[in-house]
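Shared between the two complexes below is subunit A, which pairs with subunit B and subunit C, respectively.
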Partner chain A sequence: MAERPEDLNLPNAVITRIIKEALPDGVNISKEARSAISRAASVFVLYATSCANNFAMKGKRKTLNASDVLSAMEEMEFQRFVTPLKEALEAYRREQKGKKEASEQKKKDKDKKTDAEEQDKGRDEDNDEDEERLEEEEQNEEEEVDN
Partner chain B sequence: MPSKKKKYNARFPPARIKKIMQTDEEIGKVAAAVPVIISRALELFLESLLKKACQVTQSRNAKTMTTSHLKQCIELEQQFDFLKDLVASVPDMQGDGEDNHMDGDKGTRRGRKPGSSGRKNGGMGSKSKDKKLSGTDSEQEGSRLASDGLMLFLSLLTPALLPG
Partner chain C sequence: MADAVAGRDKCGEPRLVSLPLSRIRVIMKSSPEVSSINQEALVLTAKATELFVQYLATYSYRHGSGKERKALTYSDLSNTAEESETFQFLADILPKKILASKYLKMLKEKRDEDEEENDSNDGSDGDEAES
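And now, the complex of A and B:
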């Protein structure tokens, strides 16, 4: 797998937005400095990753997890990041939970809908095959369906 | 009216972050939450770096932040030690004449070869030169030097990157 240097760059648009928010009005940034900031971002990712990996290895884990990253921040002397990062983590988990619940809800709704449709289709001779298939699914392995 | 509200929308793409992480051969799997918090950490880090560099910029009465300002900021803060290699090839500031950290080979003025450091071009402390002008000059060189510096840095940090 070839690692190309350009892959190591983060999107300029996001970098630019961060720069804009961090600098006061009236202060500009040179092209070279902007580019250096972008590279610094990549370096930060690599450094943080390496630190986090040390913690994972200490825990004999092969998968980096969030707490490894938090530990890495402390190690890197960025303790003041820990609290906002924990908040970000919470927010992310809530978001994921919300998404999961939403998709589960969708699935439930879909099932309900399918049931209703099935009843309708029962009256329609053309859809006998479908009906059988659906019935099979519902009955699972508990009963053998005689087709 | 441009408001400097920080919305939580300066997020980096998780996939790209993960790709960068995995250039480190030691890295195996990464939990899904990790790129998300790294993205946030990045935002905090860049904000911190920029704000501190900006203090340097303003202390020099400059309106444009240059790599020299970044370099000085990095050298002043222990937290940013890991960035030192990144700016190693950036020429030291011409500045107010008191900043003569020409330690060893750092900070070439005109020449691109590290060996030619210390060569004075009208004097480091020359106040007759317009600061902005010299800033521009060093920027032009900076881009060439910086890319050399990047390759050097990358080779130091992740030897696997370079072919062969």
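And now, the complex of A and C:
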């Protein structure tokens, strides 16, 4: 898979916002400085990935997971990131749990509704179709990010 | 798109992560030997990158020696890469800048040194024409 050079860069607008929010009000960032930070961020991703991958390989796993990333941060001497990252991970897991429960609840509600409305029709057929569609949606959400 | 920049989602809640996961994933996958990446690892890497950008910016600004403290400049960043152990991995991509005239002078000095060495070697190796 060939990546164009710009694909390995992060969007300028987002990078600029992050920098501005971190610095005191009224401080300017030269275009050169902003571009340099953006490049540095890409290099950071590569470095972190490579480091995290080492931990995954040590654990004989082929898939990078959250703990590999956390271990990588310690290894790279960015221990200061570990606590905020753990908090972000907790928040992310809560969010995912909420989404899953919401979609399961939707499914339950839908089943109830379908039962009530379509007692006369061939409701088995309809339910199967709905179930298939919902399962597919859930599967897409939970799928590992992979090729 | 404006929401992504503003850092808030549809409901006005601050986003967990502002950097686009798809782009982060492309960069991660460009690393050899990486087969697959679990979604949580992707989110954490994106978040870590944001923390990194903040840290690099504020560190460089605080340690900057520019007379103008109203700006963050490239040289603040390259100084950080050179002087801080934590940021040393950036040294190659954030090289210090030198004046072209200075660089040309350095080149000339090196050339002069090499010529002197060759002169002292003459007589032992000789200049042999290659066929």
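Please note the rule applied: the second predicted complex is superposed on the first by the 119 of 147 C-alpha atoms of A that agree within 3 Å, B and C clash if a C-alpha of one lies under 4 Å from a C-alpha of the other, contacts with A are read in each partner's own complex, and residues count from 1 in each chain.
Operating definition for what follows: a contact is a pair of C-beta atoms (placed from the backbone, for glycine too) under 8 Å apart; a residue touches a chain by one contact, two chains touch by 3 or more.
If you're wondering where the values come from, they're calculated on a predicted model, not measured in any experiment.
Asks: Give one word, clash or fit, describing how subunit B and subunit C relate on subunit A after superposing.
Replies: They clash.
Asks: So, A:115: does it touch subunit B (first), subunit C (second), both, or neither?
Replies: In the superposition, A:115 contacts neither subunit B nor subunit C.
Asks: Would you check which partner chain A:90 touches, where first means subunit B only, second means subunit C only, and both and neither mean what they say?
Replies: neither
Asks: Touch check for A:104: first (subunit B), second (subunit C), both, or neither?
Replies: The answer is neither, since A:104 touches no partner chain.
Asks: Same subunit A residues contacting subunit B and subunit C, which ones?
Replies: Touching subunit B and subunit C on subunit A: residues 3, 7-8, 10-11, 14-15, 17-19, 21-24, 26-30, 32-33, 36-37, 39-50, 52-53, 62-66, 68-70, 73, 76-78, 81, 84-85, 88-89, 91-93.
Asks: Considering the complex alone, what residue numbers of subunit B touch subunit A?
Replies: For this pair, the touching residues of subunit B are 2, 4, 6, 8, 10-13, 16-17, 19-21, 23-24, 26-34, 36-38, 40-47, 49-51, 53-54, 57-58, 63-67, 69-70, 78-79, 82-83, 86-87, 90, 135, 139, 142-143, 146, 150, 153-154, 157-158, 160-161, 163.
Asks: Considering the complex alone, what residue numbers of subunit A touch subunit B?
Replies: Interface residues on subunit A, with respect to subunit B: 2-3, 5, 7-8, 10-11, 14-15, 17-19, 21-33, 35-37, 39-50, 52-53, 62-66, 68-70, 73, 76-78, 81, 84-85, 88-89, 91-93, 96.
Asks: Please give the residue numbers of subunit C that touch subunit A in the complex, ascending.
Replies: Where subunit C meets subunit A, its residues are 4-7, 16-20, 23-31, 33-45, 47-58, 61, 69-74, 76-78, 85-86, 89-90, 93-94.
Asks: Which residues of subunit A touch subunit C in the complex?
Replies: 1, 3, 7-11, 13-15, 17-19, 21-24, 26-30, 32-33, 36-37, 39-50, 52-53, 57, 62-66, 68-70, 73, 76-78, 80-81, 84-85, 88-89, 91-93, 95, 144-147
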